[in-house]
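Here subunit A shows up in two complexes: once beside subunit B, once beside subunit C.
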Partner chain A sequence: MLVYALVAGVLFGLYFSLVGIGLNLVFGVMRIVNLAHGDFLMLGAFVAVGVATLAGIDPLFAVPLAFVIFLIVGLLLYWVLVPRLQGSTNPEMLSIILFFGLSQVIEAVATIFLGTSERSIPSRALGTVFSTIKVKLFGGSPESGGGPVEIFGQGFPASWVIAAITSLVAIGLVYVYLYQTRLGTLTRAVMSRRDEAFSTGIDVDRVSAAAFGIGLGLASIAGVFAPFMFGSVTPAFGADATVTSFAIVVLGSLGNPLGTALGGVIYGICYMVVQTYLSSWADLLPYVLLIFILLLRPSGLLGRRVRVA
Partner chain B sequence: MPNALKHTLFIALPVLVIFAVLPGVYQNHLLLFNFVIFLILAQGVNIIYGFTGYLPFGYVGFFGAGAYGFAVVVMHLHAPGVPAVLAAGVAGVVVGLLLTPLLRLSGAYFAIANLAASLAVLHLIANPALESITRGPYGVSLSATFNPTSAYAAGLVVLALTLGAVVYLKNSRFGLALQAVREDAVSASMAGVNVVRMRVIAWLVSALVAGLAGGVYAWYVSVFYPDNVFSGDFSIFAIVFALFGGVASITGPIVGVIILYGIYNLIGFTTPQYFQLIYGLLIMGLVLFLPAGLVSLATRRGWHVP
Partner chain C sequence: MLRVIIAALAGVTLTAQAYAAEVPTEIKIGTLYASSGRFASISMPVYTSLKLWADLKNADGGVYVKAFDKKLPVKLVAYDDQSNTATASTLYNQLVTQDKVDLLVADSGSVLTAPAATIARDHKMFLFDQTGTGASFFSKDNPYIALMADPVSTIWPKPVADFVIHDGPALGIKKIAILYSTNEFTGTQANAFRKFIKDSGVPVEIVYDQGVPTETTNYTVIINNINNTHPDAVFTFGYAPNDIAFLRNVADVGVKFKMLFVIYAGLEKELLEKNVGDKGLEHVFTYVPASDLEYPVNFGMNLPTYKAAWDKKNSDGKLEFGLNAVAGYTTGLVIEKALSVATSLDQMELRRAVFSLSGNLKTLCGPFALDETGGQTGELTPLGQLEPDGHGHLKFVSVYPHDTATGKPVYPRP
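Let's look at the complex of A and B:
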């Protein structure tokens, strides 16, 4: 029981880190609270549903597709919304209200075009590309894919494992982007001191636009796996996802992708353990955890910076 | 004539008289009651956001706590309406006191923590494990106290108190000190303002107002579920109404409620998605093009708006 809860917690936790990491990037770079984060997750989920039902292929192909679509959407949205917002007196507060408005618009448009019914994808569909390759290269029966994966003698759905591995890869790539590329170095400079970065001649707008696009792209990738991790999705799914993402981001620390990974894993383990032993209180967990972390260590578990009062 | 008296006579009193007279002329009493509730909530947001700069994104937490404070007192102590509304105010203040540590947080951290806190209160009350006290997720039915006319009158009294508080803040040294704290806490404390005490008082007044409003609401509707009284719409509407009119003024939130809630009811509920779309676009346009509210249109021309 405990082993199952722990391993499931780690698998879910890695996925939760992917859920939070885009939000972390956007808040860290622009000091903007993207309350529509969860709605981009929801849109990513519908890209996966579209790929699986309309094209009839492995929903894994939705990962690069969703990323590219929402990278472009993010770049466009950035230029429409953010420079104007940054010019106002209190951008951090107003961003909460602005992006709440955006989330309402996204939810309304999604409901108009997609309806309110719950959408799901049969979990066997995920990862069929691997079993197909295996059959082509090594022969064997095509029925082998999709079954439960055994870890420490317990069976877990293959979709959970695939989601966890994809999350690890995505977080690794974010890390490479931030620490190995030129644009990533500039991004970290903007994160630590926006005005100083500006005065050293860094094109803050270009860096921020890239971070915004990547943030939305990552959210949509996380969304691709949402139908498997949560069973089904509806257009109204976004709001809960946003609060959960905030809990994870704050649990780790802002502007540190490794912190979000840690925050996600801790959150996932807590969630699964509470779910196993005290299931009626599991709904309270993200909120209580968020408040306690904010009060005890506002800079997060791996944070270095001191909060300005 | 001192400003405080002028504001009471020419702004607060007419609003109260209009809402006291309208039920005799206009048939849709529920709509009028909702106007009163949103006037109270928008002014409550004004007290905390306009005068201290803390954005209460989970403001509905106090409102819901008030509604359930009312319900628990009526169900278990068989209290009549008026004492139960007072108990609702106490419930709001208790939740406010529990959440005072959140004031240590700043900016977006406070807003998010407050949102999380309101959801935590919701999940606590809606928890099936507490069914014997709050009826959990199954909702409450308070037929014993059902009396819309008295509830509407109580709503007007709470509105009068709230408007009085805002008039006081607008015209007193206390309100001025709060605005100084909002602009620059360090300088204000250097000038001898007790920053922490000021913020806590404003926070608790704001919580009290929302708790009383929740109690009055529970009295009026008498049958409700946790999801009704903890609906995030209350927080959002109150914030958007206050912001649309312009915060840190007396007239701003009133104008915001009358115009925006009026539009809300004109568009109607027939197609909620289209309504949500229009509302979302309106909110975005408001932040991008009129961040200081309608009042700023006048102040920009140099007119003084109370």
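Let's look at the complex of A and C:
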């Protein structure tokens, strides 16, 4: 039971790293808390539902589509909302109120257009593009996709494995962006000291807009897998996702996007172990972890390393 | 003598004037609905069907109110509690103290009915409880509640337990697993089911018995834990999102339980079919709800007529047709019938009127019967199994009780 819980926790946790990383990127660069983060995740989920049900194709195609859509949405939203927010005396506090309002608006509009019922995508639909390629190249049955994946002799949902791999790729690309590109170097400069970056001539608004767009894009990618990880989604799904994301971000280190990867995996393992041995208490976990980390290590697990860097 | 006649005439005139002044222009029915949040999918169909009843009645000139001996239009005063119990408490209070509604109707489900039950009792207001089946609402010292459209949770799982007790040993069911969401509705059902099994003395061992938070949407590890106990039958008591996630996870990890019971595969079959798929629901045991079982009626529309009216009203497909889509209409029928026999709008008189319908009213939800605490005991749902109908869809096969059974159970699940 423990081995199963640990493996499930790692897979689940990698997915939650993707859920939280966009929130942390936005906070790290702009010092604003995007309380609508979960709602963009929810919208990403509905993009996937649309791709799978209306277009009838593999929901994996929704990954680049959702990313591009919400990258653009993020850039537009940034120019509408954030400069005014940054000009206020207390942008962090005002951001909480503003993005809470945005969250409510998104949920209400989504409810009007999408209804209140649960929506999901058949599990076998995810990854059909790979099985189709495999059949074309090597032959075999197209019906073989969608079954469990064996790890240490035990079956895990294939959708979890695909979500975990996608998360690893996304986290890797965030790393490449931050450490291998010029815009990423500027992003890290802004994350380190926003005022100093500004005084050295860095176009802080441009860097921040890019980070905001990428943050929303990452949230929407996580949303694409939400119907598979949570069974179904509704327009009200966002609020819970935001709370969990926030716990993971604080656990890893607020302001350090790569710390989120660690926070997500620790959260996932803890969740699965608690669900195995104390199932009634499992949903308290985000809050308990949040309290513990704030009491014992307020800077998060990777907090010190960031300061040294 | 002349003085006496004048005084009597004056008295009659004054009484008539006072009566005329007291006759309201409409009957105000206060209720809540959840347009968002966890309970939206069970709340909106109930509210929509109650509204459908009100619209139909108003189009017909209103409902007959015996207290005023005339037809009056119905006004639904409804607020959105967003699935939040704290918001619901505030809004129930507002309905009673500010809007001063004539009748109070609870939102759907036990979680959002709980604040209504307390507030109704505090304000001595009779609560038309639509689908809040939690056992704690009903007690001999609380006359201010009655359950309209679902059986009370303490007896709801009786057909399921009786199936295990009477048919289980012959089928080879010796070890069972129980999984439930920790809320009033599903928690009470799990407790009742467990008690029925234990009290029966049948040689069935409970090898897994765990509660999970109602918000749980991931069961992969739990399914693995249950599977490790090698049960002959698994009984899960959860809300629709729980059942969707559980059934999907069962299919995803490739576990095959010999028998699998879930609540909402029956209660909200359309919703579950959309989200789980027919393959994941095949041979699943569940309740056979009124939305799929045609009961003879002596008041209101029968099932096919009502279904046509529902489909006409909800042609956009945003709401699925299931038990909840029938429950609000049934509540409307009980209200209509009660108003036609109540001699005043006094809350205890309304209670008397509702209880007078017990055993006499037959709606599309089945025979309406209340016990002395207001718990619904008439509208029992048989145990059924979802089987392929040969045309690519699923149909209900009622398997217990035997006198209403339409087929034999498929066990173990292929």
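In the analysis below, the second predicted complex is superposed on the first by the 304 of 309 C-alpha atoms of A that agree within 3 Å, B and C clash if a C-alpha of one lies under 4 Å from a C-alpha of the other, contacts with A are read in each partner's own complex, and residues count from 1 in each chain.
Please note the rule applied: a contact is a pair of C-beta atoms (placed from the backbone, for glycine too) under 8 Å apart; a residue touches a chain by one contact, two chains touch by 3 or more.
As the structure is a computational prediction, the values presented were derived from the model and not from experiment.
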Subunit B versus subunit C as contact partner of A:L296, first or second or both or neither: neither
Which superposed partner A:L54 touches (first subunit B, second subunit C, both, neither): neither
Which superposed partner A:D283 touches (first subunit B, second subunit C, both, neither): both
Contacts of A:E107 with subunit B and subunit C, given as first, second, both or neither: both
Touching partner for A:V33 - first (subunit B), second (subunit C), both, neither: first
Which of subunit B and subunit C A:R84 touches, first, second, both or neither: first
Touched partner set for A:W160, first subunit B, second subunit C, both or neither: second
On subunit A, the residue positions that both subunit B and subunit C contact, one per complex: 107-108, 111, 280, 283
In the complex with subunit A, residue positions of subunit B that touch it: 53, 55, 57, 101-102, 104-109, 111-113, 115-117, 119-120, 123-124, 127-129, 185, 232, 236, 239-240, 243, 273-277, 279-284, 286-288, 291-292
Residues on subunit A engaged by subunit B in the complex (per definition of touch): 27, 31, 33, 81, 84-85, 88-90, 92-98, 100-109, 111-112, 239, 243, 246-247, 250, 280-281, 283-284, 286-288, 290-291, 294-295, 298, 307-309
Residues of subunit C that touch subunit A when the two form their complex: 34-38, 40-41, 43-44, 83, 182, 210-213, 215-218, 220-222, 224-225, 228, 240-241, 244-246, 248-249, 251-255, 271, 274-275, 277, 316, 318-320
Of subunit A, residues touching subunit C in the complex: 1, 4-5, 8, 12, 107-108, 111, 114-120, 122-123, 147-148, 154-160, 229-232, 234-236, 240, 272, 275-276, 279-280, 282-283
